[in-house]
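Next, two complexes with chain A in common: one pairs it with chain B, the other with chain C.
Up next is the complex of A and B:
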C-alpha cells in the first residue's frame, strides 16, 4: 500500500508535468502568434527556432514583431506568472490559508512603494538601468511581509482569514496614501508611478526576461527545497514544531524567497494582483495540497494563466490595450469572494 | 518513577511558565523513568497542557528540562523530534491532505539531510520509513482511511491520525494531551492498550494529560495532581488520588460521584 502510494506519486510527476509543460508551451506559442498582426503558429515556431539557432531571419514586419516585441513580452509574462504563482502557493502553505497572497497581504503594494520611492528619489545605478528600483522593491517587499505578519501575529496567533484580509486592506491603504504623497511631491513622474500601481508588461525586453529567470531560479529553488516543511506548515504550525521543523528558520527563508520573487516581478511589471491566488487555487484542484506536486505545477499554472490574461488584455478591446492587472484583478477578485463564501458556508 | 533513579529519562526541575505576567505553572519538578507512564491530572486551568507544551518547547519557560542529562532547550528541532512525539489538543488541518500524507510527516526528523545522503542510507531510510508508517497506520486502525482526505474525517478519526503521526515519529517519549479526546469507548480502550504495549519496548516512556481519573489509576505508573499551576501531590495513584486531596482540588467528592455513576450499571 505504501509503495503503491510512492509509485502513484512517481506516475503523477511524470505524466502531469508533461501535460503542464505542454500546455504552457502551447499557450506560449498561441500568445506569441495572436495579436494585432496575427502570424500562423507554424510560422511563429519556425521564426523562434531560427532566432534561437542564429539562422537568418526574413526581413518581414511579422518577424520583427514576433522576435523583438512579442517573444520578450510573453516570456516576461510567463516568468512573472510562474514567480507570482509560486510565491502565492508558498504563502498559502506557510500561513495555512488559501487566501494569502502577495496582493491580498499588501506585499505587492509594499514592493511598488519601494520601486516608486527609488524613482522619485532618482535612485539609479548607471551600470544597471533597473537595479535601483529592483533592490528597493525587494527590500520593501521583505519589510512589508515582516511588518504585516508580525502585526497580524500580535493580533491573532492563529492568523485567521479575517485578520489576514484586514491587515492586508489596511496596509494597502496605508501604502496608497504614501504613494499619493510621493506623487504630490514628484508630480513630473506621475505617469511612471501610475504604471506601477496598474501593472503592465508591455514593452518588456529580453534583459527583463533574463532578470526574471534569474530570480525565479534562485527564489524558486529555495521554495521548492522547502516543500516538505511547507506541507508541515499547511497541516499546522504547532504540528510542524512537534515533528522537528525549524519553524523560525523555514519561515524566514520562505519569506525572503517570496520577497525576492514579488519584488523583482513588481519592479518589472508593476502590481499584477491575484495571480498568486488564482493559479495555485486552480492547480490545487488537480494536484492536491502536497507541496512537492503543488509548487512545480503552480509555476506552470501561473505562467499559463498570466499569458492567457495578457492575451485577453491585448485583444479584447483591440486596438486598445488593457493593463494586464485589470484582467487578473477581475478574475482574482471574483474567485476571492467564491473562496471566502465557500469557507464561510462551511464554517456555519 | 517520580524520583530520580538510574533509569531516569526526563528530568524537569523548577519549571515555571508565565503568560502575560500571570503564573500558569509554578516551580514544578518531577522526573520520568524508562518504562513508566506519568499521568497529569487536575481540573481545567491547572496547567497540565502547559507543562506538556513547555517540555515540547512550544511555550517559553523557566527552569530546566533535560533528557538523559542533555538540556532539551538547546537541542536542534529535529534532534528533539526524534526523542519526543507530541499529540496536541484540537488539531485541525486546513487543506485536504490524505491520512497517509499527514502520518508520513512524522518521519520528517528521521530523513537524512541532503548533504549526508548516500545511496545506501537512502535505501535503508526508505525501508525504515515505510515500515514505521505502515505500523503506525495499522496500530491506530487507519488502514481503510489511508487515502482519504483529512477534511472528511470525524474528530476521533483525526485524533487517531495525529496519534499515528506521533508513533511514526518513533520517539522515546510520548507527550499526549488528552489522547482519547473525541474517541469512542472502543477506540479509547484500544488506544490505551496500544500505548501500554508501546511502553513495554526498551527506552520508552509516556507523559499524558487525562481527565478520567479511572484511566490514571488503571494505566499510570505515577500521577501528578495539579491545581492552579502547582503540584498538590505526586506518586502512585493510590497515594495521590485520596478523597481529601481530590476534594481540595476539584471541590467535590470525586469518589462518591464515580460510585454513583457506576451504580446505574448494577
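Up next is the complex of A and C:
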C-alpha cells in the first residue's frame, strides 16, 4: 500500500516488504471473501481475476456484490487504514508523544468541521464532485494542527504528552459544539451531517479508492522521505538541530502531509477514531522504533488492522451492520488507557 | 424525513450504545466470574418487569376502546373529556381541550385530521403537515425539548410521543399545570387508537371515528390486492447510500403496509430501522424499491441516484425501473396519511405491472 521503494535506508529491506505486503494481501482476500452475503471463495477469486484481466463479467448478484460493492469498500478501508496509521506514526515520532493520533489531537474533528462547512456553504467545484469537501477538510486539518500545536507550545515548551492531548480533547469538544451549532442553523439538508461525526466507508467507490491512493502516494512519500529526520526528533529536538536538520521546515512538511492524509480520509469516510494510535503501536512491537522501518510497516499494519475491524463490523451481528468506528474506538480506547497507564507507571 | 432521521439517531443511541455497554460490561465482568451472575439476574428481572407492564398497558387500551364501540360515537363539544392515554394514564378534563401544544409531527397531523387544528397553540419544530400547521408557533422538540417555551405558551394539554421526554420533564410540565397526554402509535392499530384519543380529547370523537373508519375502509380495500402481489419483494430505503444505507425492517409502518399489500419486505428479519449493506440488497434482489429520501433540486434525483449505483443493475427493481420516491413521510409517520401512502404504493405497483412495454424500454 505504501509508496514502495521511496525510502531505501537499508533498514526496511525487500524481504520485510514482502512479508508485510503478503499479510496485507491475505487480509484483503479474506475481507473480500467474507461478508454478510456468502459468496464461495473460488467464485470470488475467479470474479476478481476476470475483473483484473478485463474479461467479461457475468451478470449475477455475486459479481455485483464482489466487484461493485465489496472490493471498492475493502480497498477504501485498506487505504484509509494505511493513511491514518502512517499519519499517526509520523505524529507520534514528531511530537515524541505515544498518544498522538488524528482523533486524540483533534485533527480529524477539524477536518470534519471543514467538510461540514463546505456542505453548509454549498462550496463545490463543478468539475470535481467531492473536491469541495476534500479541500476544506485538508485545509482545516492543517490549520487545526497548527492551532493546537502552537497553543500547546505556548503553554508548555516541552510539548509534553498531557498538554497536547488535553488541548486536542478540548479542541475536539469545541469543534463538536460548532458542528452542533451549524446543524441548528443550517438548512434541512445539512442535518445529514451526522455522517461526518460517525464515520462510515459504506458505499465507497473506485473513484474514492483512487483519490485515497493518490493522497497516500503523495503524503506517504513525503512522510517516508523524512524518516531519518523523525529518528533525529525521537532522540531530541536539540539533537536534530545538531545533526543539521532544519527543524522548522521538517515539522511543517510532516504536518502538512499528515493534514493531507487526514483531510482526505475524513472527507471520504468521516472520523474513524484511533486507527493512527492502535496500528503503529502494534507494529512498533515488531519493527522497533526506527522510523525507516516503522513508517512503511505502519502503513501495512494500518491497512490490515482497519480491514479486520471493518470485517468484524460487517459480520459480527450479521445481518445487522455495525459502524466501523464502534469497533476501532472500542479497541483504540482500551489501548489508549493501557498506554497511558504503562507510561505513568514508568514515570513514577 | 426528519422524523425518520431522528428515529435513526434514536436507534443508534438505543441500539449501538447498549451493544457497546454490553461488550464493555462483559469485558469487565468476565475476569470475575462472580460478577456475571448478579448482572444476569438483574437482566432477567428487568425483562420480567417489562413483561408485566406490557399486558397492563394493553388492558388499559382495550378498556378505553370498548365503550366507544358500544354506541354511536359523536362529537361532544362540551365535555367532560375522559381518556386513557397510550401509556395507560387516565386523564380527565372538565371540558374538551382548547389550547394544545403538540410536539410530534404525527399528533399535529391528527389534530388537523379530526378537525381540531384550531386548538393548536404550539407545535414541535418538525411538524410540517398540513401547511397550515406552519403558522402555529414552533417550539424546540426532540432531544432538546424546550420546557420553558412550552410553559410560556400556556397550553392546557401537551401532546407528545414517548420518544424523547424524560420522566423529570413530564413532572416539570405537570407541576406547571399542563396536562401531559402521550400518544405512541407503533402500528396501524395504534394510529386508530391515537386518532380516537385525540378526538376524544378535543371533543371531536365523532370526526375521529370517521377518520378511523375511512382509513379502515381504504386499507381493507387495499388488502384485497394482496393476492396479486404474492411473492413480490420490496426494499424500503430510509437513508441513502451516501450516508450509509438504512432499511425499514420488522416493526416499522412500512413493513406493516407491505404485509397488508401482500408484499414481502426483504429486510423483515431486521429491526424497524437497520443499517444494511449494499451486498445484502443485491443478494436479496427486491422487485420494488421505495426510497423516502428528499430531493433538494440539485444533482440526480433519489431514483436516478439508485439507478446509477454501480453493481445495482442486477437488482430486478433497478433493471425494471421499479423505484418510487415517497419523500413526504406518507409511509413513515403514524398518521391517517398512512392509508394514502399505502394507496400510492399499491397504485405504483399495479401501474408497473400493467406496463410491461415500458419495462423493456
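Note that the second predicted complex is superposed on the first by the 332 of 348 C-alpha atoms of A that agree within 3 Å, B and C clash if a C-alpha of one lies under 4 Å from a C-alpha of the other, contacts with A are read in each partner's own complex, and residues count from 1 in each chain.
One rule holds for everything that comes next: a contact is a pair of C-beta atoms (placed from the backbone, for glycine too) under 8 Å apart; a residue touches a chain by one contact, two chains touch by 3 or more.
All figures in this text were calculated on a predicted structure; none of them were measured in a lab.
By the touch criterion defined above, A:200 lies against chain C but remains apart from chain B after alignment on the C-alpha atoms of chain A.
Of the two partner chains placed by the overlay, only chain B lies in contact with A:96; chain C stays clear of it. Set side by side, chain B and chain C differ in how many residues of chain A they touch, and the one touching more is C. Once chain A of one complex is fitted onto chain A of the other, the partner contacts of A:67 are limited to chain C, with no touch recorded for chain B. Of the two partner chains, neither chain B nor chain C is touched by A:253.
In the superposition on chain A, no contact is made by A:160 with either chain B or chain C.
Of the two partner chains placed around the shared chain by superposition, chain C is the only one that A:326 touches, whereas chain B remains out of contact. Once the two complexes are laid over each other on the shared chain, residue contacts for A:176 go to neither chain B nor chain C. Looking at chain A, you'll find no residue that touches chain B in one structure and chain C in the other. Taken in their complex, chain C has these residues touching chain A: 1-2, 5, 9, 12, 16, 19-20, 23-24, 241-245, 269-271, 274-280, 282-283, 285, 294, 296, 309-315. Chain A meets chain B in the complex at residues 1-3, 5, 96-98, 228, 231-232, 234-236, 238-239, 241-247, 284, 288-290.
Chain B makes touch with chain A in their complex at residues 56-58, 76-82, 84-86, 88, 91-98, 100-102, 105-106, 108-109, 111, 130, 133-134, 143, 146-147, 162, 165-166, 169. Listed in rising order, the residues of chain A touching chain C in the complex are 35-37, 59-61, 63-65, 67-70, 72, 188-189, 191-192, 194-195, 198, 200, 202-203, 205-206, 314, 317, 319-323, 326, 330.
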